[in-house]
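Same chain, two partners: chain A is paired with chain B first, then with chain C.
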Partner chain A sequence: MTADAIIQSLASGLLMGLLYGLIAVGLALIFGLMDVVNFAHGEFLMIAMYATFFLFVFFAIDPLLSAPLVAAALFVFGAVVYLLIVRFAVRAKANAGMVQIFSTFGLAIVMRGLTQYFFTPDYRSVTHSWLGGKTVSVAGIFLPVPQLVGALVAIAAFGGLYLFINRTDFGRALEATREDAGAVALVGIDKNKVFALGWGLGAALVGLAGAIMAIFFYIYPDVGASFALIAYVTVALGGFGSVFGAFAGGIIVGLVEATTAMLLPPSLKAVGIYAVYLLVVFVRPRGLFGSM
Partner chain B sequence: MNITRRNVLLGATAAAALGSVAARAQTSEVVIGVIYPFSGASAQMGVDAQKSFETALDIINKNHDFDLPLAKGEGLPGLGGAKIRLVFADHQADPQKGRAETERLITQEKVCAVIGTYQSAVAVTVSQICERYQVPFISADNSSPSLHKRGLKFYFRAAPHDEMFSAAMFNFFDAMKKKGTKIDTLSLFHEDTIFGTDSANTQLKLASERGYKVISDIKYRSNSPSLSAEVQQLKTANADVLMPSSYTTDGILLVKTMAELGYKPNAIVAQNAGFSEKALYDAVGDKLEGVISRGSFSLDLAAKRPMVGKINAMFKEKSGKDFNDLTSRQFMGLLVMADAINRAKSTDGEKIREALVATDIPGEQTIMPWKRVKFDELGQNNDADPVLLQYIGGKFVTIFPPQAAIAEAVWPMK
Partner chain C sequence: MDTAFAERRRRDLIVAFVLAAIAATVPLFVKDSYLQNMMVLTLMWGALSQSWNILSGYCGQISLGHALYFGLGAYTTALLFTKFGVLPWFGMLGGGVISALIAMALGYPCFRLRGHYFVIATIVIAEIGLLLFHNWDWAGAAMGIEIPVRGDSWLKFQFPRSKLPYFYFALALACVAWFVTWWLEDSKWGYWWRAVKDNPEAAESLGVVVFNSKMGAAAVSAFLVAVGGSFYAQFVSYIDPESVMGFQFSLLMALPAVLGGIGTLWGPMLGAVILIPLTELTRSYVGGSGKGIDLIVYGGLIIAISLARPQGLIGLFSVKSLAGLLSPRRKEAVR
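On to the complex of A and B.
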């Protein structure tokens, strides 16, 4: 194997990893905020991809332009999901954990089923976009433009989220609610409003990822499944409840995947991810950057 | 009266006996189970398959003037004009669900025959259940060679399997080499279930027998989120021919990733599956000018056999698509099964099996480029000649074997 091939693999892994990170950040945000795992996270990604696809087909809006629209729509969707479903699920007196799991898991299945019913199981694809199919070549290393832009969007989104959490009142309320949901009620912060905002933000982030991914990935009702699994591992690897950890975890997962594929047969590339994950869990059960 | 298990069993046996007497007296309906993925990643295959089976059903149950088995007249004359009813079951591409659904079709829906399954991995369990209940199974579109080599008595396949397909590919390479084309090295790229694995094993064997060098053999995980590492390896190897065995999703991602990483092979010769799907060409067709895929169907045949075009039009009205390699084989699967049931004059599994063993349908009475439909002792039709098709100007043209070809192969692909 040549040095070029190794650098190429690592570069591809890094670009993919930043995207994994962007997908996982929303999941980590919601989990950190209220200890709820959103099992419909992959389906959020899937409807974002469909939304991008339909905006492209019917209104000829390029995915790059529709990304903010899709993120905004997903923000509303996430908040509504919280207000209509999750709010009641977390209130359950008996078996609260189970109720919470099955409510979002059920939501995932319903979303998948409805998508298949209305949009058919056919594979869709954004055929020609501004970025699609373009590649820049730097010193013999090929960097696909969609993934490159995706990586930049991921970095920008993460930076924005970081500033939002640390610099705004709402961000501070988010952080305070995360620390102690009971105490914030005493100072007059509406817990439900904060949680709804958290769900909205989490969904908007994965919406952004979905819009970018629609440029270079195929779209069908089950597309969320393979990415959601990686997102769960990423969150656990990076550290439960840590938004920064999820982002770093994504990058690690991307690089480990690329490295494993170089060393082992590619059908085993997921093995590397889980091996690293196991190692981290052994040494540091709360994950690399976890605080719990 | 106390209801004991024995009484219930006796009652059930009596009812079953009465039922079968009644059934023999007047069978107005023959029920066949059709098992496909109708949800999950391959659901579109099931949806298309359903349209194909409904087209075949139309031909059998209604009166048509085609030179096909059972086209003329309504229903099955051997069973007093009984109509066929299809029961569709969803195996979700999961062998265990396939097992359970087949059992349900046989015991609850009382089907007398089963047809399936798209994924070869599912065909393995479905055919085992059929064998246990002695219900004939037609593997309409599964291409794994290992399927018919298990000594099952109720397993039948009218279509070619991957050894036949792969042999056609290597015959084609040999022919091209004779004309002076440089074909020495091959890259295999295959998914990790039975379809991809069997296909690659066959191709490895044929390559070594005929003196081709396989310089990279990449087994990848199906439905992977990214294939860039895999494509990177293919690019480094840069063989004369890339030979993928992939389903649709992976096929789309493969082609997109190849373009992104600047990998353009001289030729792609694909083991069908995803590479015969409209969805793949809708998504990345612009990057696939000149790709070669194997098939057992070609619309070119309509020039020689006009009914092929007419039946394709019937299918297109239902599905919005032309027949492809999969849907055409599914169509033939039901016709072959219905023909056997008609000759068996019975819905009894063993009698239908005997009729299938005696099947001999000349190629002209099919919509395929096959010599005929006749099963060997393993239930495989060895006269189902495959063809190679090349994607030129937005459609497939037959380029091999010479007797079926209507155009010369374009090599390198562009």
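On to the complex of A and C.
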């Protein structure tokens, strides 16, 4: 394999990794906020992709333009999921761990069933968009435009999230609730409101990622499953709950995936990611950047 | 020994015996092969969930990767039979032993992990197994293995003409899984597991070797699940990676226990008796599994149960007339 091909493949791995970071950051945000893993995270991504697809088919809106709309819709969806399901799941007295896992797992299965029922298991795709299928050449390396734009969106989203958490009242409330939900209640912040908004924000971020993914990936009811597993690995690598750990975790996952794809048959490329997850948690049981 | 507890255990045993005897006579009246098929599946999932429950329910280590052991059991039996003509009985035993050993080898690093890190590790490991079998040409890769019919006897464990022998084997498997659970519940292992589940630090300080008890639970659980996998391979006589090691199998093993009552003696079987016929019937009533109705039913049930009755449906049977099958009271008895 030539040096060019290696650089080429690492560059696409990096772009994909930034997108993985964007997919995973909502998961990390919610976990950090309330120690809950959303096992329906992949299905959030899946409905965002469907939403983008239908906006394209029925209203001819390009995925790039529908991204903010999809993110807004997912924001509402995430908050509703918190208010209808998660709010009750975290109150469970018996089998608390099991309840947290299986309530969101149940939601994932229902969402998959509903999409199969209404949209059939067929594979869909956004056939022609502004960015789809285009490549640019940067210093002799060919980069797919949708992934490149996706990576830029991811960087912008992480930048925005950083400012949001540090510079706005809601961001500070979020950070404070994450540190000590009990104390926050004493100063008059409604914990439930913060949690609901946190779920909304987490879902909006994965919604943004879904709109971009819809440009270059097939859309089908099970599409979330494989990305969800990658997202858990990303979040775990970064240390559960660390929002910027997810950014770093995404980049690592993208590069590892690209490297594995060069070394092993393509159908085994996910093995590298999973192996890295296991290696990291065996050495550091709280993830790379997680506090011990 | 607490007499109330001892008495409850005796009653459990009698109830189980009566239920098994009734179950054994059902095929004499129900001749329809669709219904018999459904009963085989119900018993098999009940047995699998009962085995899953040992590690995830009693010992509290929630595994969503047990499809690995199911698949290993199925593949060991199928490969030994088709490649070397080894009788499925030996394959079953071999698959069980291999799975138990692998479970302990994997448990060695994994049992240091807590909570979600552990759950995700189990998913990821099963997924690696699935991908490896997908790419293993000798084992049929993605095409899988067709198990040829070489007889119609218990010796070869093949019954092309009737479902009845499969039914009785599945019943026996369910009884064994139940009995192992019943027996372990009152052994030192059972007490260790519950202590590890409730508070590992406290258990450790009282002299329970937490790590070893998790390893024991993993080995027993994996062995029984692999035997179930071997049975399944003979029953459907065609396996491929997705159909025996896919993630949905891990989930399907957990669901009956979650529904019936996780970490309880009767929960998994009760859950299977409700869940499997319900999904099979919805599936055939609506027509085709592609519609997604079965998923909606599954998922809806899981959400409802985990929110409304996290201790499972078994609690509803707590009236004395039903032989006191309940777990909360049992806990009191244990204390």
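One rule holds for everything that comes next: the second predicted complex is superposed on the first by the 289 of 292 C-alpha atoms of A that agree within 3 Å, B and C clash if a C-alpha of one lies under 4 Å from a C-alpha of the other, contacts with A are read in each partner's own complex, and residues count from 1 in each chain.
The working rule: a contact is a pair of C-beta atoms (placed from the backbone, for glycine too) under 8 Å apart; a residue touches a chain by one contact, two chains touch by 3 or more.
Computed from a prediction, not measured in an experiment: that's the story for all the values here.
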### Task
Assess the superposed three-chain arrangement around chain A: do chain B and chain C clash, or do they fit?
clash
### Message
With both complexes overlaid on chain A, does A:106 touch chain B (first), chain C (second), both or neither?
### Response
second
### Task
Considering only the touch criterion stated at the top, classify A:261 as touching first (chain B), second (chain C), both, or neither.
first
### Task
May I ask you to decide whether A:59 touches chain B, chain C, both, or neither, giving the answer as first, second, both or neither?
neither
### Task
Please work out whether A:120 is in contact with chain B alone, chain C alone, both, or neither, and reply first, second, both or neither.
both
#### Entry: Touched partner set for A:130, first chain B, second chain C, both or neither
neither
### Query
Touching A:221, do we find chain B (first), chain C (second), both, or neither?
both
### Task
Check the residue A:270 against both partner chains and state whether it touches chain B (first), chain C (second), both, or neither.
both
### Message
With both complexes overlaid on chain A, does A:9 touch chain B (first), chain C (second), both or neither?
### Response
first
### Task
Under the contact definition given at the top, report the residues of chain A touching chain B in one complex and chain C in the other.
113, 116, 120-121, 221, 265, 267, 270
### Residues of chain C defined as touching chain A within the complex
60, 62, 109, 112-117, 119-121, 123-125, 127-128, 131-132, 134-135, 247, 251, 254, 258, 262-263, 290-307, 310-311
### Query
What residues on chain B touch chain A, complex-wise?
39-44, 46-47, 192, 218-221, 223-226, 228-230, 232-233, 236, 248-249, 252-253, 256, 259-262, 277, 279-280, 282-284, 286-287
## Note on the structure
chain A residues touching chain C in their complex are 31, 37, 85, 88-89, 92-99, 101-103, 105-117, 120-121, 221, 225, 229, 232-233, 236, 240, 265, 267-268, 270-271, 274-275, 277-278, 281-282, 285-287
### Task
Flag every residue of chain A that touches chain B in the complex, lowest number first.
1-2, 5, 8-9, 12-13, 16, 113, 116, 120-125, 127, 133, 135, 137, 142, 144, 146-147, 216-218, 220-222, 226-227, 230, 257-258, 261-262, 265-267, 269-270
